[in-house]
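Each structure below is given as structure tokens.
Common to both upcoming complexes is chain A, partnered first by chain B, then by chain C.
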Partner chain A sequence: MGYAIEVLDLTKKFRKVKRIPTDAGFGEAHWIMALGLKLKFLKAEEMVAVDHVNLKVKEGELFGLLGPNGAGKTTLIKCLSTLLIPDGGSALINGYDVLRESDRVKRCINLVGSGNWIGFDWALTVRENLEFFANMYGLRSGVAKERIDEALKIVGLKEKEKETPSKISSGMRQKMIIAKGFIIRTPIFFMDEPTIGLDPVSAKDIRTYIKEKLSEELGETIVLTTHYMQEAEQLCDRIAIMDRGKIVACGTTRELKDMIVRQEVIEIEAINIGTKLTNEIRRIDLVDNVANHIDDEATLTGTIRIHTKDAELVLPAILNSIERNDGKVLHVAASQPTLEDVFMKLTGKGLME
Partner chain B sequence: MTEELRMDRRANLRAMWTFVKRDLKIWTYFKLNFLIDIAGIFSNIAIYAIIAMVAGKAVESSLNPFGGDYASYVILGIIFNEIMSTSLSAPYWGTMDAFWTGRLEILMISPISTPLFVTGTSIGRYVRSLINVAFYLIFGALLFGLKLGGTINYGLAILYILVATIACTGLGLMGASLIYLIEARGGEDPIRWIVGILVGLASGVYYPLSILPQWMQWLGCLIPQTYALDAARRSMIGEAIRAKTLPIHGLFSASPMMVDMAALIAFSLVTVPLGWWMYNQGVRRAKMDGRLSRWV
Partner chain C sequence: MSAQRELASPTGKYEVKKADWKTMLWAVWANFKSAVLGWTFFLASFVMNITGMVVNICIFYFLATFTGSAMAPYLAKYGGNFAAYIVLGIAFNSYLGASLNSFYNSYCNGYWGCSFELYATSPVGIKAYMAGVILFDYFVATISVFLYILFGVAVFNISFGSGANFGVAALAMIAGMVAVGGIGLVAASTFTLLNAKQWSNPVTWFVNFLTGLVSGVYFPLEVLPEWGRAIGYLLPQTYAYDAARMALLSGATITNPLIISDLSELFISALITVPIGVFLFRRSLRKAEKDGTLSRWS
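So, the complex of A and B:
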């Protein structure tokens, strides 16, 4: 079995031009101010979105890209789907070079993004919108009808097929985007945070379809970006963890979790767990990493996950800290390592931070 | 295993028809707007018919090469310009519409080619334009006395307008490229703006060029619309077919119709490759800077 995607040293930078006033550090250029000139200077700043990424995805593999917002997942997907031209490195999609053979690459890929009704026409019904895209991908009308029926059923939009996108909820519009992805069958399928904004039942149905139909039955190579670790864990054969444009680890869920096998994880559910408390816990001896998830912003109620070499030894100090910060402990437990713990160990922060 | 997608000729035609259906559905979605558009055509013709009644006599002598009737002259000018201005603006508005609706990226990764994308996002506007032309002709002929000449050559008029449309599409592509190159996304681009001013002032849509100062007549010679309007009118209402109506006609011994055609072909040979090159450069730049969509 060969590779469907091969990425070698891929880099993508974005340049931002910023206006800076003359008095912001021009040193020798006092004469400008002396002349009373109100000049503005332009300064180009560079932001590295994808930083020397190397990656190989096998044919038929369901591959996950896990990382927080701004990690570079979408930019990487856009580079691989010919929507962005990389600044360095190369990538082969189904054996075709993304730069030199972009027309061939486009015949091999399908992309589902996230974000309400992007790309849909307000004047066309849900079905007409899907028919539009079916025709853009060269589907014959019989095949298109069959696939649209199936996709609408999977995402639960069959009853809304005659509505226009403006008359359905934002979650349903996201389902339209997914349905659009399901009617196109290509060797490689990029899914950029597809289940974002969906209710848990729909998200589960869609994950099942991706895994059982698209991956196992049709053998599509699927690259799924997400910041839902359960989604990545449940679906993906292998996962790459991205942070600040770099791939910091890549492997199966088991391989990734083995990276923190010598660490103990404490999970504390408590009230009033603000940033001050998190920083204080981080300073306690033998504590390696700390991440918190706030479930209720009003009372700052949520969960703190702490990586340590010796849970028994550090626990009293942690509980003291919580008490000192007017917190209230609801539940304490030793936890199994999750992908988020792997992420925390590799990057020093939580996925949602 | 799933296979690579293929877009054969039938698939391309189906895609094109889908674009047309979509545009017509959007155009007619708000019934009142559709009716107002048609009423706009009626009122536009009515205004020029009234101007013709009031001031038509004053320019009659200048209109001799075109049959002498101002109402017919201006109605045909508006009709021909409707088609040419569509080709000037359709690539820009097609791309803008795709950009602002978030469809640009989706279509750019689909297997349809860039020429098909540009044609597809523009074609609905051409269809609308042809429907408008039909209304102009009906209102013009039935209600405002559009008089066509005794030696009407529809085929020749269509040929001139067709070649001019190709030349204007080149200019339109240049304008559309500025969406990517200089982020001209506010509904106007410098190329269409300048050409639009020249068309209004010095192409002969609303009045014969001979009433303008010589330097303005030469300005009119810088755009393809002037030649197309001149030749197409001669074909529809012209009587003195050899009259030299543009300053450039005097430079050549060939008939004015030949000069007009040569100019239109020359414009097409320059504007289409240049426009296409600029458009592709624009797409490339947008892919470098991440500006194919509103969101990176």
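So, the complex of A and C:
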């Protein structure tokens, strides 16, 4: 089996450009400001969004890119789908070079993004929009109808097919984007955070379809970006963990978890777990990494995950620390390592931080 | 998968087939229809624009009546009727205005409507999207032209006479549309190159400003001071209006030296503006692909 995607030393940098104030008094003559800002732009600071990434994805593989917001996942996907020109390195998609053979690459890929207004015609209904996409990709009407019916059913939009995009919720518009992806068949399918903003039931149905139909039955190579570790764990054959533009680890879920096999994980559910407490716990001897997930912002209730070499030894100090910071412990448990623990070990922070 | 042509790629996997001319035409037509559908939601705005222009025609007509026969020497080569002169000027300006503005407008639509990224990865590409929107602009211009001429005929009794040469007028307008279209492409390139994203750009602003003043839309160039005429002769619009008016109002033929001169100027203008426009527009698209700004929320 060959590689569907080969990425070698890919780099993408952006310049941090100051946004032009819309209330600067120039009104429609906004470009006058733009001329002035060109000079500032030349001096702008560079930000490396994708930093010398090397990657190989096998044909038919369901590959995950896991990382927090701003890790560079979307930028990498855009470079691979020819929407962004990289600054360095190279990438082969289905054997074609993304820079020199971008037209051929486009004919091998399908891209589902997130953002819920991507290119929809607000005057057309949900079904008409999907018919439009099907026509654009040259699908015969019979096949198009069959695929649209199936896609609408999978994403749960069948009842809304006669509504216009402006009259449905943002979650439903995200479902439309996914449905659009499901009606096109290409060897390589890029999905950029497809289930973001969806209800759990719909997200589960969509994951099942991706796994069972697109990956297992049709054998498509799928690259899926997510910051939901459960999604990556549940779907992907292999996962690359990204942080600050770099791939910090890559392997199967098992291989990644084996990286922290010599560590113990404590999970504490508590009230009032602010940043001050997290920093204090981080300073305790034998504590390697700490991450907190706040579920309720008002009471700062949530979960702290702690990596340590000896849970029994550090637990009293941690509980003391919580008490000193006016916290209240609700539940303490020894936990199994998750992908987030791998991420914490590699980057020293949590996925949601 | 059976619905898509299977081609041999380096990995031996199938691909989406390249868009054929039927799919391209369909995509252009679908985008045009979509723009028309959207336009019908804002019909009041179109009616107000037309009303404004009709008021303009009236103002210039009554000014000409006020000045009496003073305009006559300047209008001799156009048949001497100022009402016909002004109505045709404003009508032609709708077409050349569409050439100037439509590339930039379609770029704005594609960016702000988040369509460019979608089309860029599709078999039809962003050219199908832009062509649909540009076609729509010409459609609106055609309706405007029809309404202006209808108004001129009904209110000011303008007539083209039996000698009107529609073929030469059409040729002059097409040549003008190509030459001005080159400037339109330069205008569209400022969207990315100068970050002129807010539905306004320096090129159309400056050319529109000059066109109204020195190209002969509202009054013959001969009434302008020498420096005004010199600037007017740099604009392709000047030659297009001149040739089209002479063809329609005086029946000038293609062998008329003045028509030959105007068409030659338009041809030379197109040779200059179109390559520059294409070059800059390609550069702007390349820059958008480098900056990740093909669509908003990128």
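Definition applied: the second predicted complex is superposed on the first by the 327 of 353 C-alpha atoms of A that agree within 3 Å, B and C clash if a C-alpha of one lies under 4 Å from a C-alpha of the other, contacts with A are read in each partner's own complex, and residues count from 1 in each chain.
Definition applied: a contact is a pair of C-beta atoms (placed from the backbone, for glycine too) under 8 Å apart; a residue touches a chain by one contact, two chains touch by 3 or more.
Note that the coordinates shown come from a computational prediction; the quantities given were computed from them, not determined experimentally.
Chemist: Do chain B and chain C fit side by side on chain A in the superposed arrangement, or is it a clash?
Modeler: clash
Chemist: If we overlay the two complexes on their shared chain A, which of chain B and chain C does A:A4 touch? Say first, second, both or neither.
Modeler: second
Chemist: Please name the chain, chain B or chain C, that touches the greater number of residues in chain A.
Modeler: Touching more of chain A: C.
Chemist: Scan A:Y209 for contacts with chain B and chain C and give back first, second, both or neither.
Modeler: A:Y209 sits against neither chain B nor chain C.
Chemist: Of the two partner chains, chain B (first) and chain C (second), which one does A:V143 touch, if any: first, second, both, or neither?
Modeler: Second partner only.
Chemist: Which of the two partners, first being chain B and second being chain C, lies in contact with A:G95: first, second, both, or neither?
Modeler: second
Chemist: Counting only touches as set out at the top, which of chain B and chain C does A:L83 meet: first, second, both, neither?
Modeler: both
Chemist: With both complexes overlaid on chain A, does A:F63 touch chain B (first), chain C (second), both or neither?
Modeler: Once the two structures are laid over each other on A, A:F63 reaches no partner at all.
Chemist: Let me check the overlay on chain A: which residues of chain A are in contact with chain B and also with chain C?
Modeler: 14, 75, 78, 81-85, 94, 103-104, 106-109, 111, 115, 118-119, 121, 123-124, 132-133, 135-138, 184-187, 218
Chemist: Where on chain B does chain A make contact in their complex?
Modeler: Listed in rising order, the residues of chain B that touch chain A are 1-8, 11, 14-15, 17-18, 22, 25-26, 29, 101-103, 105-113, 284, 287-290, 292-293, 295-296.
Chemist: What does chain A use to touch chain B in their complex?
Modeler: Of all residues in chain A, those touching chain B are 14-15, 49, 60, 74-75, 78, 81-85, 94, 103-104, 106-109, 111, 115, 118-121, 123-124, 128, 131-133, 135-138, 141, 184-187, 218-220.
Chemist: Which part of chain C faces chain A closely enough to touch in the complex?
Modeler: Where chain C meets chain A, its residues are 1-4, 7, 9-11, 13-20, 23, 26-27, 30, 34, 37-38, 41, 113-115, 117-124, 190, 194-202, 205, 286, 289-292, 294-295, 297-298.
Chemist: Contact residues on chain A for chain C in the complex?
Modeler: So the residues of chain A in touch with chain C come to 2-4, 14, 20, 22, 28-32, 34-35, 37-38, 59, 75, 78, 81-85, 94-96, 103-104, 106-109, 111, 113, 115, 117-119, 121-124, 132-133, 135-140, 143-144, 184-187, 218.
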